[in-house]
Each structure stands twice: as structure tokens, then as C-alpha cells.
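First chain A sits with chain B, and in the next complex the same chain sits with chain C.
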Partner chain A sequence: MAGAGQTDTQLVEGNTTETDAVAAVAIGLSAVLFALAVAAMFERVSLTGTLAGVQTVTLLGGLLTALGVAVIAFGAGSRLGYVETDPDPSAGLIAGFGAAVPWVVVGGGVASQTLGLGTAGGAVGALVVGGVAFALTVLPREDLGSTLPLGSLLTLTGLVFLTGVIGPDWVWDLGWAQTASITAEFFIPVATLFSALYGGWASAKSYGGFGARGRHMGAYVLVYLNALSIVAFLFILVAYVVVQGVPGLLTGFELGLGTGPQTTILGVSVTLPVSVPFVMNGVALLNDFQGVLPAIVGTVWLVIGAVVLAVPLGVGAAVFLTEYADRGRFTQVVEVATNGLWSTPSIVFGLFGFAFLIPRFGNGKSLLSGMITLGFMLLPLVVITSREAMLSVPDEYRDASAALGVSKWQTIRSVVLPAALPGVVTGVILGVGRIAGETAPILLTMAGGTFIPGSQTVDVIGSFQFTAAPPFVANPALLEATSALPYQLFALITAGVGLGSSVSDPNAFRWATALVLLVVVLSFYAIGIATRYYFRRRLTHT
Partner chain B sequence: MSSVTDAPAGRVTNALGARLRRVREFVTETESPALAIIAAMTLSLLASLVGFLVVSDLTIVPFVVFLAAAGIGWFRYQEETAYVIALMMTVSTILILGLIIVFIFRESVPVLRYESATVLGVSVPGLRMFIQPNWDAVSPPIRYSMVPMIHGTVMVTLIASAVAAPLGVSAALFISEIAPATVREVVKPGVEILAGIPSIVYGFIGFTVLGPWASDQFQTTGQGSYLFVGIVVGLMALPTVVSVAEDALSSVPESMKSGSLAMGTTDWQTMTSITLPAAFSGVSSAVLLGVGRAIGETMAATVMLRGVPRLTEPLVNVFYGQETLTSIIARNYGEADGLQMDALFVAGVILFVTVLVISVGAQYIEWRMHEKLGGEV
Partner chain C sequence: MSENTTKQTQTESAATDSDQPLTTTAGETAERTQSEWTEYDFRGEAKMTVDDLDVYYGDDHALKGVSMEIPEQSVTALIGPSGCGKSTYLRCLNRMNDRVSSARIDGSVELGGQEIYQDGVNLVELRKRVGMVFQSPNPFPKSIRENIAYGPKKHGDLDTGLLARLLNRSDADERDELVERCLRDAALWDEVSDRLDDNALGLSGGQQQRLCIARCLSVDPEVILMDEPASALDPIATAKIEDLIDDLAEEYTVVIVTHNMQQAARISDQTAVFLTGGELVEYGDTDQVFENPHSERVEDYITGKFG
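And then the complex of A and B:
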């Protein structure tokens, strides 16, 4: 983006590289301030300590002041004609509101607290100062309007930090019945963060020479920063769970022939060459290492049950809606109903399962109730994604098939469904990822017990029985409460201190559970996204 | 012209008539054995539904009959059977929504009777849950007020929307309009994965990392604040906003954008004066759906909040987090019985109705947008 911007500048405006450099330095300064603010917020940089030989707060204040002065200087220089720019007559209402918001906060805070005028005085102060900032942004020419109020804000914040009015020991007791205070540890990073954002916005506008191109630059800087932050947030989140969870996951990890537990694969008894007790054990008094195997198996069965229920129902409904039904009142009602189901809170599904399913399956929490509840949650997702996939099958396919004289159902079965399969599969996998991590519905319908012994790992297939009395088929495993990973994590969190007696290192155990849950859920997503890419590539190649 | 002047009742009769005619056509066109099988399937499925509803052990009998009929139908009259099964599956989605409504409303009736209050001499059931702020399930007077939880949900939702709406719309603009193809291929799955992180994991991190940090920063007694629950829930609602808003933005016809660009505007000008206004209703329905997600978010709130159902003092004190409509259900279902359990169902009803209204509103707005953009979408 920067490269493209530079080329434009040279093409459009000739040689203005020195002033561009000033604005570019200002953008860089904002980026540094932004990074410092984030680091200070997460206590990577100590506010009371020093940074590069200077007190941190003083350094932040100095940088903010320098940025503010640079922004004002650029605006004033442009207004007086020293800098060649292309400003509009006004910075516009949106910029006006953007500049007014921080000044409202400053005005209100100063009037009510520093001057001690109380709430009413604060409101008046906020309105007056905000109004002035708004007017100063909207009324003058754009180069002044979009730099002066923001530059002064930066300079003011910087000076407040520099002079020590707000130092590292500053505390503002809000004086509320439930006590709360705003401390410097919170205020300084947050104020710096927002100031840096405003500084970056103003200097990006200056860099683009104001006008349409300046606004373009200013907006792009913020939008790119936002996208970058979201991706960074995701990475930090996942990395944090991994780092915290791996030690617990790998306690007692062994690699080598004959170390793992015995299992039967295709009728042959095999001793696995790895041993990861955390995912291969339950909890028992005599275990060397405790694990969450029952919860993993519970999650797997839960997902299988939900898929078996929801996928046929959902795909069938989608077939009817796209292929058989004419668009009308009925399809509209179904659409509203599925979208309504999609946005229904998960806890409401839990309540529904509690009221509807539990009395019908042996009056206790059971795996079966959990499966059906999650199936109901999955259903709208399957309907919506399958419908989209079927709608995107070109009508030519259907016409060509119909021209061969085959019936409608044959067309659906051998033309529409195969063509829509990639979309359906992707949708189902992503939906499964979502329900596999749901806690609230199974909380009320299925889950019991914080620690499940390994002996209680559910075996659904092995426990089907036929009985003489109705309902003739019984499966005790389906009708028992069991555990699942998300519930296990919830139970571990709420169990709190009581955990110590069963697990040697409760915290590591919790983080490891969180990691296993995250791995299970994200692998569904990874598979789903990979499937989509695979099919898309295949479709574009043929 | 006559259809305009007709009363709505007349239109309903017309529609019914058309439907009846279609059913009659279907009956005359279909062979009678196939009809018999369809009738058997329909009746046996209805019977199993009734059996299931009245908790009968014999439910399995009609269900087996249904399976048998469907099996025979599949081999002999696949065309008709497939149609009927697809229709039944479609009806089942509506049926599930109906069952949810019936069952959660039914369970909440007793406590609504208990919490009646008299207004102008008329006893209004459930009113006392909304006019006084006490929740006390243990010591008399036993009161189940929803006010503290509604307050909590409103606070959390406001903060969450303030986080999710601007960031979400901006990220949607980035993905749909700004990002180069390669960057988009990274950011878009990233946002999807963000949606996949289980809420309990967010809650766990919020509980172990954010909670102690926040209580330290704001010098509060104990941990749990609406502010941080709101921020976390906002981040969780973000992917919903992004994906729906992105759909809306990319459904703006390319010709409109190109037309604007051809006038010599910058990309950003095109976005603010063409794309965003054209997709405005879609984007606002994205924000609405995000709000719906935030209202219904349960586990993160349950784990991070204090679990004491009372109002914060003062009401704007976001540094203390007591309880929301969702978290009170998840926290209390275990020991609750009788009226208290029913009170939890009232919380569920409030949640369900609010979110359903939001969802229908969002759909209406989207539908309006599609009408406006006409055949090009």
C-alpha cells in the first residue's frame, strides 16, 4: 500500500518528498506509540521504570508532544502555503465527530474533577469543549481542521504526562458505593493508545496531502491496523493457550515401542508406540498421571450423535426448499424459523432440552439428550449452508438433466446433490466445530461429574441391548450422564480450590484441558477450511 | 384489482384453495399404492410424535412402522417418497422452533403466577419480576426479580456492541473491498477460526488472566466486571458481524462501484459514498445479529461474573459484574427446583424473545435491501 501511495504522490504532485518524509515520520511515531501503549497495558513495559534511559511516562509524554507539534505544524504549514497539498474546504462531519469525542471526555473530566464542578458542571464542560473541537474541525479549511484539534489533543496529553500532572502514582477514586478507581496503570496506556490512533490518522491524512486522497490514506491506515490487530489477537490467543497447556498435556509423555496402552485396531491387539497419559487416561486414585479420556470420547460421541440427527434433516429440508417448493409464504416461514433457530442463544437450547428431552429419556441427564440438543443447534446451520450450496448450482445443470427426460428426484440425486456436496460438507464441518465447543446446552442436558474415571468412558456401540418390554431397545450408555471437553473445562474452573486432592497440578490440568478442547475444535475448522480450498481449486481447474 | 380490495380473509381462503387444489392434483396424479404408503408414513410419524410428546413407552412402535413404510416406499416409489420425506424434514425445523416456544413458556408459567402484582386493581402475572430489584431464593420474602440480570445483560451488550460494531464493520470493509487477494486468504479464515474458539476458552482466559488484572487495575473488591465481560463478548460477536457485513458489502453490484471509480474517486470515497450506503441495511443487520450473539453469550459471562444477582451501585458502575440473564441460568440450574427453576425459564424466555425479535428484524432489513438493489443481487 505504501509503495502504491508513493508512486501516486510522485505522479500527481511532483517533488514534495521532504514534507512527505515529515508526515511519514509522524506515522511511524504513532506506530511506535501504539506499540508502547499495548506493551504498557500488558505490563511488558513498566510505567514506573525507565525506557532507553528516560522515565517511561516522560518518554511517552515527550513522544506524544512531538507528534502533536508535528501534526499541527504540518497543518499550519499547509494552510500558509509552505506545503503543497490539496485540501477540501472542510474536513467533514465525520471527522468533526471523531475529533469531538476525545475532547468531550477531556472537557468533562477536567470540569467535573479538576475544577470540582460536579456532574452538571462536567456535562457543560464536556459540551462546550466538544463543541469547540467540532467547530474547529468542521469550519476551517480541511488542512487546519483535521490537524489542529487532534494535534492539540496530542500535545495536551503529552504535556500532562511530561509535567507529571498524571504520573505513575496517579489514582482517581471514583467514590462509588462499590469502590473502583482508575489508576495510572490503566489510564496512561489507554490514553496513549487512543492518542496514537488519532495521531496516526491525522498524519496519514497529511501524508496523503489531505483532500480525497488524504482521507483515503487516513482511513486505510486505521482499517489495516484493525485487520492486523484481529489476526494478531487470534495468534496471541492460540499461542497463549498452547504455551500454557503443553506442559500439562505432556506430563508423563513417553515415546518408544511398548510404552503406550493396548488397543485393538481391526481385530489386532496393538501396543501404541506413544503414551500421552493426559489424553489416554481417566481420573483414578491409582493413576500416575490423570487424564481426560472420558471427556474426549464423550465429545466425539456427542458430535456423532448431533451429526446423525441434524445432517439428514437439514439436507432434506434444504432439498425441499430449493428444489421442490415454490418461493412463497411457506418457504419464507421456514427461512425465518431457521434463522431464528440459528440465533437462539445456546443456553435456551439447554433449557429446552432440560424441559423437553430429559423427562422423555429416563428423567436424568443423558448422552442422548445432549446429542439431540446439539443436533437441534446444528440443524439451522446445516439448512442454511446446504441451501446456499444448492442455490449456487447453476440452473443449466438441472435443465440439462431434465432434458434427458429423467424425473425430478433423479435430477436432484444425481445432479444437484453431487454438485452441492462440497458446500454442504464444508458447512457441516464448520458447524460441527462450533457445536463441539458449546458448553451451555450440554450443561443442562448431559453433563455430570468433574472427574470421570477411565472405566466410565462411554461405549455406545457395545451397550445396545434388546429387551422384551417396550421400547424393546435399550442402551444404558446413551442414557447415562457423561462428560465432554467443554463441560470438563467449566467444571474444572468452577471447582476452584477443591481440585487439589485429585490432581497434582490443577492449573496445568486446566490449561491442558483448554488446549485439548481448542485443538479438537480448531482441527474441525482447519479440515473445513481446507476442504473448501480443495474443492474450490478443483472447481476452478476443471 | 379484486385481489387488492379483497379482505385478508379472502386472500387466505384463496391461498388455501390453491393449496387444496394442488393436494388434489397430487392425489389424482399419484398411483394409489404410493398414496397408501405416503399416508402410512404420515400417520405413523404423527403417531410417534404424539407418543413422544405424551412420554409413551410405545413410541417406538409407530416409529418402526414409519421406517418400514419409508423403506418400502423408497424401493417402490422413490420419487414420491423422497418428496414426502423432504417435506417432513422441512416441517420439522418449524416444529422444533414451535416446541422450544411451547416448552420454555410452559415451564415459566408458575413463577409468573407467583410474581403477580396488582396495577389499578388488575392482577398482572409476572409484573413483580420487573418492578423491584430483589432476587432472593432462600430467605423470605422469596423474590425472583429479573431486573438485576436485565441490567447486567444490557450493560454487557452495550459494551460488546461498542467493541464489535466498529471493528467488525471495518474488518468487513477490509476483507470485501480493500485487502489484496493474498491477504484476504489469510484474514478471512482467521476471522472464521476466531468464531470457532469455544466460549468457555474465552471465559477461562478471562477468568484466570483478565479478571485478576482488571481487579488490580481498577482496585475493585474481588474480580468480575461488566466492562471486561463486555469486551470479551464483543470479541466473540465480532466474527458474526464481520461475516454478515462482508456478505452485504460484496453483494453490492460491481457495476455501481466501477461506475463510481470511473468518475475518478478514490477507493475510500467509493466505499463511503456508494458501497456503504448501498449495503447499509445489510451492514446494520450484521450489527443486529452481532448484538443478538452478545445477548445470548453464556459461558464467558458465567465464568467471569460474580454470580450475585443484584444491581451495581451506581448503575453505571461497569467495574463490577454481577449476573446476566444467561449466566444465572448456567450457574443456578443445578441446585434450583420448583419456582426458582421456573424463574430461570423466565430468564430463558426473555432471552429467546429478545433474540428472536432481533433476528426477525435483521432478516426484514436484509430483505428490504435485496428488494432495493433489485435483480442485480
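And then the complex of A and C:
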């Protein structure tokens, strides 16, 4: 490749060369390290154990060292003309600061802790080492500047892990209080994660041959790793709850005819073919397995009640604000007020419900008070998103309708609202996600108890009663205290004493409750997304 | 032509004459509109009569004392440079300017002898009789069938709702007849007859615009206002729209705003020229306006010296 170094203006580049392959392997190596670091952070990979027959820490160290050496070799090869690249005169200030930050940390840490120079010594060390890294990045040509400091960082980290200076048992006692210390379990994954990011950046730049194309590749790899890590974190969070919760959820699970409890569906008594005691039972003295059915039903009714209350009100307010009210001081005030309401802490809503609603609905905590409180919480978001959705409906539709002689209200009903519906539904989905997990308002307005007997499962539909006196319809279930999943989870975590006597495995019970809460909220999401998809399809396909 | 209007034009011309010396000193470009230039004698009835129409947007005087009569079953083209008020004028003819809150309108517009700027005018009825087609195609995000049935449905002329279907009183057949008639009149039927239930947004730009014309026909208008209906379309789609306008003029009164002078010359029977400042400078037979305009400014505009 040395001979081809002169033709850096050629339009079509040659086929993949060995050097390109080295850089590509380096990028792949960074991705693997990144994944390993994330996995180790969530304890999916044990640091004390082995991976592929090698000690995990040793493996991480080896890979980091290899990556670092590869990056330096590529940069040096390019500088000496062995590799065909197109570098700029300097790697630039941003790359300089980027490289300086980890070296500041390394310099500070080594000077103050390893060499024992104290805080002042640490600061000096940090400045000196960071400054050298900055200078080494900015001053030489780009191919050397963007590989040498980062490559040495990777090699250093790798060697520290490889030689066991920082091993799985390493602890850095910060000395602030008994609990403040940095353990290897935290430090090794984090150091690997950042090293992998830097390694990926440097090797992507190398792969692109430095210059504008190299920077493009570098940014591309960073953005990609970022997006991947967000997805990975979400996935890991859900997976973690599922793994922890499934054993508790499936205790006593049975599948087969006649195993489930008897229920009445549309007046016919049916025996369900599955039995999942955890979601089908309440708590009772003689139960083999205890469950959280009352809390599930409570959460579902709570969300339904809040949505029924907030959506018509919110959409109506949005229609008024966008279609009828003149844009001016009044709409601005309403806008500020709704935004303010949306950021009001939930405990404040809870207190309002406690002080204002409870005395008016039977003087006790009740499902109805909870519904109304959560409805108020949901209202501002529905107003805000519905307004946005209606404002984004093109005026051409309104003009076309008006030019046909159709009245304003009919235009709103038949053209504006259908076109705005997907946006409105999006708002409701977001809001439901928030209120279904709210604990504080429920605590103050409808809390039932830590363990709720199955007999207390609310039956809103079944308890409508006709009465002789006004208001002629009554529903005692709405006025009873009941529980909801987030509150029950909170109560289970804080209960402590007495927990063991009611359920055999309190920890499994908690995690299973958390899993059920997650599933309930995700089901609401799924319903909302399906609705939005349906309405959006109707707008574009029919 | 009523006596009333004649008298008014006489007084106007007197006023213009007395102003004449002042404007000559101000230079050629300040040439005044003479009322005989905008006095257009046509055979037949006037469908709409506009008298001394002024429009203000806030402090901006967008249209200055425009008077003209629009003959029925013909194509009237409104041309002029951007910002000359021709679209504003068009939107006054079915009171679409009422929807702009800052707009203030003075003067008189009559439709078939009835004043439309007076208290108690039924806007629904007015806009049913004076339909409008907009610059960019704006079909509703609904099926082709629903787009056309929309107007009559909302006016209660067609009922295909759930209740009507349950009571066996659905007007589905009438609706389908109407859809076919409007689409045939808009020269779109052959292209879409097999996909009436597809979303209208899936049509091409030219087809969408013809669908908008069909939608406008669905409420059985007498006058059709078109605001640069072909400006967003390619030449082939434009040619189709122009042919369509030609056909529509046999039954309807068409008023069309256009930027394109060749288009105006091709399709219109009479042409009104608005020039910057919101004045109607010349109005007459299309051939006369294009070949032998009275006003120098109009001649300059038409020959491309400005605007």
C-alpha cells in the first residue's frame, strides 16, 4: 500500500485492503467490548467467573490491550506512510478535549491515590496528564493525534486489568462514610464501557482514512453505539424485572381443563383452563398461594376512570382553544396554566384529592376519589397534546370544508378531529403510562392495604344499584377503598414485619408484583399504540 | 346593467377626470384607472355584480374600490402581479375573507341580484351556490367517495349513517349516483372508478385537483371560484384542468385567478387585470385586453415589461 500513498485524490478507492480489515475488526472489537461492559454492569456476566475459558477481567483486559495496540499501530502506520489515508493537519479541538477528559481522570487518580500525593497532587497530576493528552491530540497530524492518546488509554486500561492491578476484588474506599466506596463490580464495567466508546471512535476514524470521511465514520459509530445502548438499557431493565418476577408470578401455575377458578362470563359459569394463582387470587388465610388480583383490578379501573374523565374534558378544552378562542392573552394564560399543571408534583394532586375529594365522597378513601385525582393529573397532558395535534391539522382542510358551506362544528367533528386523533391518542398513551404507575396520589386517596383479601376485588359493573331516592343510581364499589399495583408494591417494600407470615417468599412476591405492574402498563401502551395505528391507517389508506 | 350602476360610474368618471392633471405630473406609472376601461359590455345576464368593493387587512388597504360585473356561464380570468389583491377579490365573492379576523370589507357584492354583504345572509347557502377550488389540491384524508359525498352529507341531503342503514333508509344509491356524476363532470371517473374507496391522498396532484373540483360540484353550485388551480401542477395535468374549465363554463359561471397569462388568454372569455395597489385597472373581452389594452400599465404588464 505504500506505493499508492500519493494518489490520495483518486475518485474510486480500491477494494477492501488488509489495513481496512484491521480497522474494521477494531470497530467490531469495540462493539463486543461495549456489549460485554453493559452485560457486566447488569451482572449478566460475572466478573469473578470465567468467559470462554478465561477469567472475565483478564479477557476484558486482553481485548482492550489488543484494541489499543491496533489503534496505535494504525495511526503510526498512517503517519509513516505505510497506510493510505487522507488526514487533516490536526485532529481538532473537540477531539482534543475528548481525549483529555479520560486522561485527566487517569492522571488525577494515579497521582492522588496510587502515588499518594493527596488532593493537591491529584489536581496537578490531572492537569499535567490531561494537558499532555490534549497537546498530543491537537498538535500532531490527525492520523497520529486521533489514535495515539486514545490508543494508549486503551492499552493502559487493558494492562491494568490484565496484570490484576485492578481485579474483581478491588475496592476503592472513598472515606466519606462507611458506604461510599467504588467497587470493581462498578468500576470495571464503566471503565470498559468508556474505553470501548473511545476505541470505537478512534478505530472508526481510522477505518474512514481520517479527514472528513474519517470524522463522518467516527460520528456514525458513536451515534450508533448510543442508540444501541439506549435500546439495550431498556431491554435489560425489562428483562431484569421479568427474570426476577417470573418465579413468583408462576408459583402454583397449572394448565389443563378444570384447573382454574370459576368465573361468570356473560352469565355463563365457566371454569378457566389455566390457573395462575398470583393474578387470580387475593390474599386469604387458607390460600395455598397468595395473589394480587384486587390490586390489578383496582389499577385497571383507576386508569379507565381517569381516562373517561380526562379525555372528553381535555379534548373539549383543546377544541375550544384551537378552533373557537382567538389567539391572545387568554389562550396564553391557559397554555401556561396547563403546562404548569402537568409539571405539578403528583403528591400535590394527591393532597388535593385527600383534602377536597375525600370529604365529599363518603369521607373515606375510595376508588372514585382516586379516579378523579388521577383524571386531573391526566387532564393537562391531554389538553397539551390534543392542542398540538389540532394545530397541526392543515388549514386547507378547514378552508375546503368552509367553502362547501359546512358549518364550523361539523368541520371540527368530521375533518379536524379525525385528522387529529392519532396525536390525541399518543398523548393519552403517554399520560396513562404516567398515572398507572403513580403511587403518591393513590396513597392519599384510595389506598386499601398491604395484603388485600380476594373478596375485596372491586366489581364496578356488578355493583350498580337502582335506588328509590335521587340520584336513583348508586355504585358502592366506587366509594370503597381498594388498592392498586404501585401502591401495593410500595406497601410491600415498606411493610417488612409480618410479611413473611403471609407469603412464603416475600422477595418473589414483590418482584412478581412489579412484573405484573409492568405488564399492566405495557398492555395499556399496546392498546394505545394499536388504536393510534388504526386511526393513522384510516387517514392514509381507508 | 341597472340604472343605479350607470349613475355611479358616471360620478366616478367625473371624479377621475378632475384628478387627471395631478397624476400626469406624478409621472407615467401613476396613471389613473379610467372607469370606461373597466366598463365591460357583455351580452346576457350578470351573475355577480360587485360594486365599489374595498378590503382592508388591518391598516393595509388591499383592494381599492373595485366594481365589475361577472357574466353567467362564462370564464372570467383575474390576472395581475403577486400581491395585487386578485385572490383577496376572489375570496370576497363567497365571503371566505370572513374567516380572516383582521379583514374589513366595504362595498357591495350581489349574487343573482341579492346582496351577500348584509345581515341575515345564510353563509351555508351562499357557499353552496358559490363554490371554491384552492391553489394547492386539498382533498380530505378520506376515501374518494367520502370526499365527494362530504358536502351533501353535512347539508343533510344524503344520509348513509348507521341509523339510516338500520332503518333501511340509507341513501347509498343516491350517493353513488352523485359520486359518479361529479367525477364524470370533473373528467376523473375513468381514472378512479375502480378505486372509489381508496384514500384520496393516494392520487396524483392533478387527480387530486380534479377531485377537489368534483367535490365542489357535489353541492351543485352556480359559480365556481378557482384560485390558481393549476399552479402546483405539471403541464399535462394543467392541460386537463384547462379543458375541464372549458367544459364547466357551459353550465357554471367560472371565475379563475391565474398567474399565467397564456392560460388566461387560452381559457377565458373576459379578463380583469389587477395591478399593484389593489386596483382593477382594466376589464374587458380577453382578446381586447391582450391585443389592444387601453392602459399603458396593463400593456407593459402583458408584454412582460414589469410584474
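Everything that follows uses one rule, which is that the second predicted complex is superposed on the first by the 400 of 542 C-alpha atoms of A that agree within 3 Å, B and C clash if a C-alpha of one lies under 4 Å from a C-alpha of the other, contacts with A are read in each partner's own complex, and residues count from 1 in each chain.
By definition in this document, a contact is a pair of C-beta atoms (placed from the backbone, for glycine too) under 8 Å apart; a residue touches a chain by one contact, two chains touch by 3 or more.
Everything numeric in this text was worked out from a predicted model, so none of it was measured.
When the shared chain is aligned, chain C comes close enough to touch A:V415, but chain B does not.
Measured by the number of chain A residues touched, the leading partner among chain B and chain C is B.
In the superposition on chain A, A:V83 contacts neither chain B nor chain C.
By the touch criterion defined above, A:F233 reaches chain B but does not reach chain C. Judged by the touch definition given at the top, the superposed model places A:S407 against both chain B and chain C. Of the two partner chains placed by superposition, A:A70 touches none, neither chain B nor chain C. By the touch criterion defined above, A:P394 lies against chain C but remains apart from chain B after alignment on the C-alpha atoms of chain A. In the superposition on chain A, the residues of chain A touched by chain B in one structure and by chain C in the other are 407, 410. Chain C makes touch with chain A in their complex at residues 94, 96, 99, 101, 123-128, 131-132, 134, 136, 138-143, 150-151, 154-155, 197-199, 201-202, 212, 215-216, 218-219. Considering their complex, residues 326, 394, 396-397, 399-407, 410, 414-415, 418-419, 539-542 of chain A touch chain C.
Contact residues of chain A toward chain B in the complex are 171, 174, 176-183, 185-186, 212-213, 215-216, 219-220, 222-224, 226-227, 230-231, 233-234, 237-238, 240-241, 312-314, 316-317, 319-321, 323-325, 329, 333-352, 354-356, 359-360, 376, 379-380, 383, 407-410, 412-413, 430, 433-434, 436-440, 443-444, 469-473, 486, 489-490, 493-494, 510, 514, 517-518, 521-522, 524-525, 529. Residues 15, 52, 55, 57-61, 78-79, 82-83, 85-90, 92-94, 96-97, 99-100, 103-104, 106-107, 167, 170-171, 173-175, 178-179, 183, 186-187, 189-201, 203-205, 207-208, 216-221, 235, 238, 265-269, 289, 292-293, 295-299, 302-303, 312-314, 317, 319-320, 326, 329-330, 333, 344-345, 348, 351-352, 355-356, 358-360, 363 of chain B are the ones that touch chain A when the two sit in their complex.
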